[in-house]
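Multiple structures follow.
In the two complexes that follow, subunit A is the common piece, with subunit B as its partner first and subunit C second.
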Partner chain A sequence: MTLASVAQAVLLSLTVAGLYAAIAAGLTLTVGVTRIINFAHGEFVMLGAFLTYFLFNQHGVSPWIGMVVSGVVIGLFSALVYRVFLARVLKHDEHNQLLATLGLSILLVNIAIILWSPDPRVMQAPQLLPALQLGGVTVPGNNLVVAGVGGLLFLALQYIMRHTRYGTQMRFASDDAELAMHCGINVDRIFELSFVIGGVAAGVAGGLVALILYVHPVVGLDLVIRAFAIITLGGLGNIPGALIGAAILALAEGLTSTFVPHGGSFGYGIAFLLLLLVLVIWPNGLFGKQAHS
Partner chain B sequence: MNRFDVALAGAGYGALTIVPELSLSVSGGEVMVLLGSNGAGKTTSLRAVVGTVRTRNRSVRLDGEDLSPLSAWQLARRAIAFVPDGARCFANARVIDNLTGALEALKPKVMPAERKRLFDRVFDLFPILHERRRQLAGSMSGGQRQMLAISRALMIEPRVMILDEPSAGLAPKLVEEVFEALGRIKAASGCAILMAEQNVAAAMSIADRCLILSEGRVMLQGDIDDVRNDERLRVAYLGL
Partner chain C sequence: MWSHLTRLVGAAAMAAAMTLPVQAQDNAPIKIGVPLPLTGPLAGAGTQLQWGIEYAAKQANDAGGVLGRKLELIIEDTKGEPNTSATVAAKLGGQDKVDAVVGGFGSTSDFALLSAIQRYNTIFVHPGSSSVRLEENFGKNPWYFHVYIWDYHRQKAAVNFFKSVPDLKTVAIAYEDKLYGTDGSNFTQKFAKEAGLEVVMNEPFRAGTPDFSPILNRVKTLDPDVLFVIGYSGDNLQVARQALQLGIKPKLIVTQGAGEKRSDYGDAGDNVVVLDLWSSKQKTPGLAEWVEKANIARGGEVVSTAVQGYTAMKTLIDAATAVGKWDRDAIIAKLSEMTFDTPYGPVKYGPSDLGGLHQLITEKTMIAVQYQPNNEFNVVWPADKAAAELVYPAR
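Moving on to the complex of A and B:
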């Protein structure tokens, strides 16, 4: 274990953290506002990855554009899912939403398997940015893209929540939906908006997935479990918490797979281990302040 | 102006009817208080008025305009403010953000002068809120949260204000303060106030008319002075 190899592993992990942060920040926003545990968030990411992949491989569309298109398409798709599906389920019984999103997740995975086969694919996109050379350490250009775009997405979500009127309404609806309604806020629309914002983030993140990971129907499953671990770490609804949680998880995974023999196969296990540890030691997340109610 | 007319039938939960029939009218500058013991159906009635409790029949009019088809959030947009029981606030937002958010939810492009006027008014009514403006609403005492809840309603410049037991859980000193402020709102704002209360003395201090509920039924509706002057009524319904 040399200093350079540690530095390399840390830097690569931090770029992966950008991807995790983008996925988890969208999820924590949606769950924090609507309390809908959206298992299908991972499949939104998966669909965005396939879209970016096909746009590039079959039509030569640059992944830069591909991820924007994915964001828009998945955003619209999540609006559809919310309107025709979740809003109705919520109206009847909010406990059913868990089953509803789990069912949707399974359905989307199976449709993807039927349409595109379960085989993993590689996009083989060119490097969108030049590689970063730091001493003996190299970070490939596409990893820089992932870190950069992930970071930007995160900042955008944070900005929307903190500095826009809709952000205030989302925070109000999250605090007390009924009270928000009595302030003249159309809570149903605000729920839908937060769901769509999460969907856009998931779609763009899908484009990032296509850049650095295999694209396959269950890629979202891996990622959404990690995202749930991250938002548990960061505290539900806490967007900055999601960034820090993403960095912690990505580093833990990256270092394990680089320096522990056969550690590559632990990736997933690390997420669960972290999740369990946090739940036992800090049930409100690392930064979870006790919510006032 | 700001005449608020309500008629309800069959308000309740699921198959259970709590308030079979109730109708009332409040005019601007007037306070109507719903009195009744715990479980009498005050909250059910008020929630039925704003449409969050189901009714078989419901008619809500403001200055003759039929608002019955509107849902609760739309009523707020028509300047009908509802302050639920329990001094509820957006606990994780600061006092100032509670007020700003309520204002901007209705008027996103409010002029600075207008904004200042509205803030001055609530800070003048409740100076403590100005002192605490940067504090998280959830960290304040019940009395301060009730003041914030009333102030939040005032930010939309209500034509009708509906309050559910604003005195509940407050120390006597704070009840006095809150009702003194409600009295000033009544005198100055021209809005119609409909309020549920169990604190008869506090309610009587500002009410013009009252409606007494017992087990969901309207026992009496009339001028507060009629009740005040009629010992039989006072003893029978108010235990005074």
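Moving on to the complex of A and C:
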């Protein structure tokens, strides 16, 4: 183990954390505000990845623009899903919501398989930024993009939640929907807004997936499992918690894989063991509301 | 007299009526069950196999059918799920009463398919699935014919390929950590040891992982003569791409073909070697003409999986034709002894290592394809099928 190998592992893990954070931030916002456990969030990411991929491969659209377009399109798609589907389910039992989003997830995966086949596709995009070279350490340019965009997405969501009227209303509705309604807040509209913002984040995160991973119909499944772990670790609804949770998970995976023999297999398990330990000590996650109170 | 004539006509009519079903049966289509995963995660391979099976059947039907009877394919979607596969098997065997089955893909679901269908003793020609559990459980049945390789054939071929490269002594293995990769790693280590090769790294990874840098950095330190990746197509692509991005250049990257295409790799694929069952560019007598016709019929490039389906169907058609009538036992005997002219070259069913009676493709059929710049590729091993020399070391 050398300093360079440690630095390499840490830096690359942090760029992967950017991807995890981008996916988890949108999910934690949706879950925190609407209380909808959206299993289809991973498929929103998958659709964003396919959109960015097709825009680049078939129309030569830069992945920078592709990510923005994906964010907008998946945001609109989320609005559609919310209005025609989830708004009705929200009025019923929580189990119905779980099954509904799980069903939506399976439906979207199968539609993607029918439309685009299960084969993985690689977006042969050029490096959008020059690689970072520090002695023997290399961080590819597109990994830097992922870390940067993941960070920007986090800052944008934080700004919306902390410094805008809608953010205040979202937090209010999240704390007590009934009281918020009595105070004149259109809770249904606020829920929809938070779901759409989560969708926009998922679309942008999909663009990041296309940039450093590969695109296929089930790419969202594994990523959304990590995202659920991250938001549980960070505390449901807590966006900074999602960022820190993503960093913890990615570092646990990356460092175990790098420095423990056969760690590539159980690095993922170590990350979830960490999650279990945290939940035993802080049942609401590291930054969950009740933990603070 | 009239009454006598009436009796004669009546008897003739009855006799004619009695022979009608026999004649109808003689001309009735031969029913072939085709269970495949056509939706779900395995649908990609399933639809390729379906095309190959249909193409072989269409060729036979266009030429007047088999033994003067048309082939009727009863295609059923197993979804790659065990429960659905068992239901499909009961329908094909019990309700449709098919004359033979050509299909199956996905080891887990095919285990259920075969478990359910074995009670019908139908001839079963199996173009897909490689788990040795299938070989151990069903391979000894006289009605079971397996086209695709078993798990260990790939690893034997890989080690045979490594042995063919002068100066290749050390092997680093990166494998996906479930059944497919773990079995592959175990067999590779076993065969490599027997061949006198040193395995300097044997690292698992989780399929779909976004970051292969831990494995690639170890490879950089160890500098093995070959990095052998046993993963799914997405993993193979990601390893090659990340190696390029991180500037890590192993002497040679070898992957097991899992459905990915040359174009999927882009520049990252240059000099990567893929072990596969078949390539349109391999030197096999008569292959160029077959590929040309098949590509036109397909409306695109025919891939290896489609050839598996085609070969499975063709062996059944050829055996039935050679027998001269639809006689189950005689066809089984003919399938067991005949040599078939296929896109792989001349092949015949024979015993396999873990007790299987009828195995068509083995490590001897397999090839190594090396990707070249500008989206090109060429077969580089074995020598009798190679169209180009291996570039080694590839950095």
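Going forward, the second predicted complex is superposed on the first by the 275 of 293 C-alpha atoms of A that agree within 3 Å, B and C clash if a C-alpha of one lies under 4 Å from a C-alpha of the other, contacts with A are read in each partner's own complex, and residues count from 1 in each chain.
Basically, a residue touches a chain if its C-beta (ideal position, glycine included) is under 8 Å from a C-beta of that chain, and two chains touch if they have at least 3 such contacts.
Just so it is clear, the structure is predicted and the values come from calculations on it, not from any experiment.
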>> As a test of reading the superposition: which chain, subunit B or subunit C, is in touch with more residues of subunit A?
In response: C
> Counting only touches as set out at the top, which of subunit B and subunit C does A:D222 meet: first, second, both, neither?
Replying inline: second
> Once the shared chain is lined up, is A:Q169 touching subunit B (first), subunit C (second), both, or neither of them?
Replying inline: first
>> Which partner chains sit in contact with A:H262 here, subunit B, subunit C, both or neither? Use first/second/both/neither.
In response: second
> Looking at the overlay, does A:M181 come into contact with subunit B only (first), subunit C only (second), both, or neither?
Replying inline: first
>> With both complexes superposed on chain A, which partner does A:Q124 reach: first (subunit B), second (subunit C), both or neither?
In response: second
> For A:L76, is the partner it touches subunit B (first), subunit C (second), both, or none of the two (neither)?
Replying inline: neither
> Can you list the residues on subunit A that touch subunit C in the complex?
Replying inline: 5, 8-9, 12-13, 16, 19, 110, 113-114, 117-122, 124, 127, 131, 138, 140, 142-143, 212-214, 216-219, 222, 253-254, 257-258, 261-265, 267-268
> Quick one: in the complex, what on subunit A touches subunit B?
Replying inline: 165, 168-169, 171-172, 175-176, 178-187, 291-293
> What residues of subunit C sit close enough to touch subunit A in their complex?
Replying inline: 39-44, 47, 174, 177, 203-206, 208-211, 213-215, 217, 232-234, 237-238, 241-242, 245-247, 259-260, 264-267
> Which residues of subunit B touch subunit A in their complex?
Replying inline: 50, 52, 72-74, 76-77, 81-84, 88-93, 97, 100-102, 104-106, 108, 136-139, 152, 156
